[in-house]
Structures are given as C-alpha cells and as structure tokens.
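Consider the two complexes below, in which subunit A is the common component and subunit B and subunit C are the respective partners.
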Partner chain A sequence: METLKFEFPAGQSPRGRALVGGVGSGDLEVLLEPGEAGMLRLNVVTSVNGSAARWQNLFERMFREQTPPALNIEIHDFGATPGVVRLRLEQGLEELQLEGAFHD
Partner chain B sequence: MKPVPRPHDLLWGFIPEQLPTTAPQWAFAAVASGEPVVVRRAEGKPGVVAVGIRGHGREERFGTWMALDRIVRSLSPEQLVSAIKSYPADLPALKALIWAKPCLDATGLVWGVTGSAGFQLATGIRTLHADSDLDLLMRAPAPLSRSQALALLNKLDKAPCRLDIQLETPQGGIALREWAQSSHRVLLKRASGACLVTDPWHLVEIAA
Partner chain C sequence: MTDTARLLQSRSFIELGARQRARALLDQGSFRELIGPFERMMSPWLPKQGIVTQADDGVVIAKGTIEGQPTVIAAIEGSFQGGSMGEVGGAKIAGALELAAEDNRNGIPTRAVLLLETGGVRLQEANLGLAAIAEIQAAIVDLRQYQPVIAVIAGPVGCFGGMSIAAGLCSYLIVTQEARLGLNGPQVIEQEAGIEEYDSRDRPFIWSLTGGEQRHVTGLVDAYVPDDTETIHAQIRTCFRQGKPALERSRRYAWFLDRLGRLEPEQPIDAVTVRDLYAAGDEGGVK
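The block that comes next holds the complex of A and B.
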C-alpha cells in the first residue's frame, strides 16, 4: 500500500460530487469533490508500490490536454491499468458534468 | 475441436519453456510445479491465448501467452461450482460461496467461481486469506436490467464477505455492482481493451 499526492493547476470549482468505479482487482474507485478554485488535488491510495512516476505521467498527459476543474479527487487503486485509470477519471468528470446540468 | 478458452478459465499444460526469459523467478516456479494458468482478456495471434500466472504473493501476477495446442486440461468457472461441497468452508470467502449458492442458482443464469477462490477449489492450494473477497462470474447472454442487478446485489450483499461479481455479456465483462448503480456509463472489459458504454449488451458506440 502506498499513498501518493499530486497537484495540478485547475479552473473553477464545479458543483456536486461523483463516485465512479469499484474496488475489484484491476479496477479503481474515484471520488470527485469540489476543491479550492484554481487547484486540482489528487490523493491516490494504491496497492501497487513504486508507481508514483507512472501516476504523475498519466495525470500530466491528461491534464495537459484540457485544464481540469478544481477538484479534490480521492483514488483507491486496486492494480488498474493506465487505460482503466484514464477511463475512470473521464467517467468521473462526465458524471460531474451530468450532475451539474441537473442542478442548473 | 476443443472449445476456445474463455476469460477466467483455468488451463493446465503450460511449461516453463513457454515463458519468456524476462519472466520473474516466481513465475517459473509456479509453472514448474504444475499449477494452472488463468485465461486473460487480451487479443493475441492465432493459435495462442492470453494467460496470467499467479504467484503466491498478493501482487504476483504475470501476463503471458499460451499455445492452444499445449492445453492438456481446462476448467471453467462454472465447472468449479460442483467442487464446493467437498471443500472445507473454513474461510469467509468459502462460507460466502456456500451461502450465496442457492441465491445464484435461483437466478437461472450460469455462474461460476473465479479469482483466488476458484484457484483454490481447482488446485487445493491455499490462495484465499481471511480477508479475501469472493470473485464470481455470471453469464448473462441476455440483458439484465439495472433494477434486476440491484435486487440481486441487495440479496448477495448479506454474504459473510464482500462479493465481486462480474457479469459476462456477449460483448465483455462488467461489474454487477457498477451496473446496479446509477452512473450513466459503465466500464466494459473486452479483449481489445476497456471502454465506457451505456448498454453493455449492445455496442452502438465504442467510447474509448
């Protein structure tokens, strides 16, 4: 078990929260909650040791393409592949948007 | 013709010579002792199947390929169900299996045992721990509604340990727990990779 923390520049804080994924092996659970404006904080608890650089690379690639919203993201990883991590993050952001649309 | 191996099937006949030299030492040891390998979900060349080798440590998993003509014996998850009776239920995951069986049988769907519990039932090697989840597979050739999934999960969540149930649709595998929840799309695991879909039985869109 390893706990890793990451920070990235972000936009505005969205409303609502979202929980996607699951705790089965090869999957991950992602909880997204509104964060401090301008800041994206990720807290990763992973069953795979020595994976800090891999997470850093994955997040950098994802958030370089598009500025993320200001969130606190809690990740519980159970050995998911980078492809699955990316899909789960995208899914979480999508769920937040859908929830935002519902509130508007 | 032998049936084509499906994800989670256990296969015997893998020999150490089939492993790449880069494979970890524990993988050689596992294979040399005659332990089965587990079919993975991945696309390979014709004549080979993607398999995973389990080590005895928690994170010891090694993915590789097995030539189909090397298979000497195979067991599917559903074939392991009959082994339940003869196994001492001394761990929460095995107690949960006995507990869940009538409920799973009542669904009318074909179901089976995967993960550590399946490996232990098939080999007698103690791979389960006191805190192990129980991994199960259910074959769902026809759509199961989200409300049906939730009703089933609500019954099964009273089990003595956490159940991790995969629904196997004709398109791939999804987590029953995720299908029972409210997210717009769910993660579908396919041989070509994972993707997010709204209907895991009918792929009108591949969103990955």
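The block that comes next holds the complex of A and C.
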C-alpha cells in the first residue's frame, strides 16, 4: 500500500461534493470536495506499490484535455485498472455537475 | 407475462450497493446518512496492515421513514473486505440500534432494518470486531422489545459468523434465493471436515444446505422473496405492519433443540433430511 499526492492547475471551485465507487476488488472509491480556487489536489491511497508514474500519466492525460474544477479528490484504490480509474473520475465530475445544477 | 418481460421489469436489489439499497427502501426524500463517508470515520487498523480503507468502513447508516414511520437502516457493503465487521463499522451499527431503542424509550417509535452482507468478524481487527458484534446482538435484543427489527440477506455475500447469530436474533428475517445463512462459511467447514464431506466449490451442494430457500423451508427465516427491490420493500412493509412477533425465533430455542436432538450425527445429513426434520410437526409455530 502507498500514498501518493498530485497537484494540477484548475478552474473555479464547484459547489457540493460527490462520492463514487467503492473499495472492492478491481475498483476504487473517489471522494470529491470543493478545493482552493485554481488548484486540483489528489490524494491517492493505493494497494498497488510502485504505481506513481501510472497515476501521474493518467491524470496528466485527463486534465490536459480539459481544465478540471478546483477540488480536493481522495482516492482509495483496490487495484483498479487505468480505464476503471478514468471512468470513476468522470462519473464523479459528472455527479458534481448534477449536484451543482441542483443547488442553482 | 413472459420470463423476459418479467426480468426487464424487475429491479435487482442484489446489484445495488449498500447506500443505494438504503435509499431504495426509505420514503423518497427522507434519506439522511449518519456518520457518512465525508466524515472519514475509517478503520485505524487496516492501514497498519497495509490494507486500503473505505471512507465509511463498509457500513451505511441511514435515517429516514418507511410509510411515514421513523426508521433507521444499517446496510453493509459486501464488496468491501467481504462485508466484514470491524471496530468502526460495527460501532456504527450498534450505535444506530442503541439510539433507536433510546428513541422508543423517549416515545419516538423508531424501527430498524439491517441489510446484511457479511462474512462476520473482520479478522484483521480481531477482538474489536467481535466486541462490536456482541454489542450489535445486545442492541437488537433491546430494540426488538419495542419495535420489529428486520434483517434482509439478499446476497451475494450472505451472512456468516457472529453476524448470523445477530440475524437469528432479529424479529423477522427476509432472504432471496441468492442468500446464504450459516455460522461457518463453506471454506471454513471444508477445512475442518475435509473436502470429502464438504466441498466448498460445489455451489449447488452449498446452497442446498445454507441457501435462502432451504433456510426458509426449515423455518430459520420468515420470508423467501425474489431479487426485486419492490418485492423486498413490500415484504419489509408487511413485516412492520405485523408488528412484533408473539415470540421471537431465538426464544423458540426449545423447539429447535428438540429437532436437533432427533438428528443422527453418524448418518450423512443432506438437505432433504434437514427439511424432513424441521417439517415434521409444527408445534413451534414456524412459518
């Protein structure tokens, strides 16, 4: 098990928070909460050791395409593949948008 | 209706996660989670052993209403560590049941539903998990004096270990075909008895002995329902409307002991033998 920290430039802080996934085999849990404006912070706890470069690449690819909202994201990973990680992150961001629309 | 049409219309309960299950059972808009995942009340013991924790420790406590009546639901997430009971998750369930009993002493008729998907104690937390299960059992016995405590074992994990005793203490127990209920899990029994006697990989054999249908026909559970959210919901409402049972199953122990006394342990015991044993005579009031 190891804990990894990542930071990326971000936009505005959204309203609301979201939880997706779970710490089951091959899955991960993602908690998304509003963060400091302009900054996306990710805290990853993963059961797979030596995977820092893989996470870095995955996040870079994802956030290069689109500037993410300012969030504190906590990930509890139980051996999810990069594809599953990306799906869960997108699901979390989508739920935040729905939550934001609900508040507006 | 064709089987296909029925399948397309039904909404699986087994496929729902713990939080979705609780939400599906409570009256719309009444769901409120207590000690939710964002409070980060996590197991302090798993990280010390190199195991990733889940933000809710695999237990969802939801307060709300069913048919307008105050209800608390404790739902176990079977996919996290086999739904095992650790210090935190166990304390969440015990605390919720204790508060429900306290509500009743203060004139608020709070009822409880337990959604059990658990292999029993979390071995990594040892005695702390066992202590929590003992607290859950004591709290069920306390609360059931005031209101029905309903347990649902839907599957796929089933309910084993100390938590199977907790299930047996509930006022009503509801299962599906996918459910299993037993003190020891199949692999533990295989290890003890030998694979010749008990092959844990033989699924039809395992379900024939510990599956939901067998547990229903032998009187160890009250209701056997299909895996459909609305049907399970309706069964819970029916049990609540019936109110407290005249005599809880765990207080009918004399009848069960009498039946067990008629078993011949030297003879191989199969599913049919057990059914016949429990079906002969119904003076125990088994449904």
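Just so it is clear, the second predicted complex is superposed on the first by the 104 of 104 C-alpha atoms of A that agree within 3 Å, B and C clash if a C-alpha of one lies under 4 Å from a C-alpha of the other, contacts with A are read in each partner's own complex, and residues count from 1 in each chain.
We adopt the following convention: a residue touches a chain if its C-beta (ideal position, glycine included) is under 8 Å from a C-beta of that chain, and two chains touch if they have at least 3 such contacts.
Source: prediction; values computed, not measured.
In the superposed pair of complexes, A:Gly83 makes contact with subunit B only, with no contact to subunit C. Applying the stated contact rule after C-alpha superposition, one finds that A:Met1 touches subunit C and leaves subunit B untouched. In the superposition on chain A, A:Leu58 makes contact with neither subunit B nor subunit C. In the superposition on chain A, contact is made by A:Glu95 with subunit B only, not with subunit C. After overlaying the two complexes on the shared chain, residue contacts for A:Glu33 are found with subunit C alone; subunit B is out of touch.
Shared-chain residue A:Ser47: touches subunit B and subunit C both. By the touch criterion defined above, A:Gly24 reaches both subunit B and subunit C.
Looking at subunit A, you'll find residues 22-25, 27, 47 touch subunit B in one structure and subunit C in the other.
Of all residues in subunit A, only 1, 17, 19, 22-25, 27, 29, 31, 33, 45-47, 74, 76-78 touch subunit C in the complex they form.
The residues of subunit C lying in touch with subunit A in their complex are 17, 37-38, 47, 50-55, 58, 77, 79-81.
Residues of subunit A that touch subunit B in their complex: 20-25, 27, 47-49, 79, 81, 83-84, 87-88, 90-91, 94-95, 98. Chain contact summary for the complex, subunit B toward subunit A: residues 58-59, 61, 115, 133, 135, 162, 164, 166, 175, 177-178, 183-185, 187, 193-196, 208.
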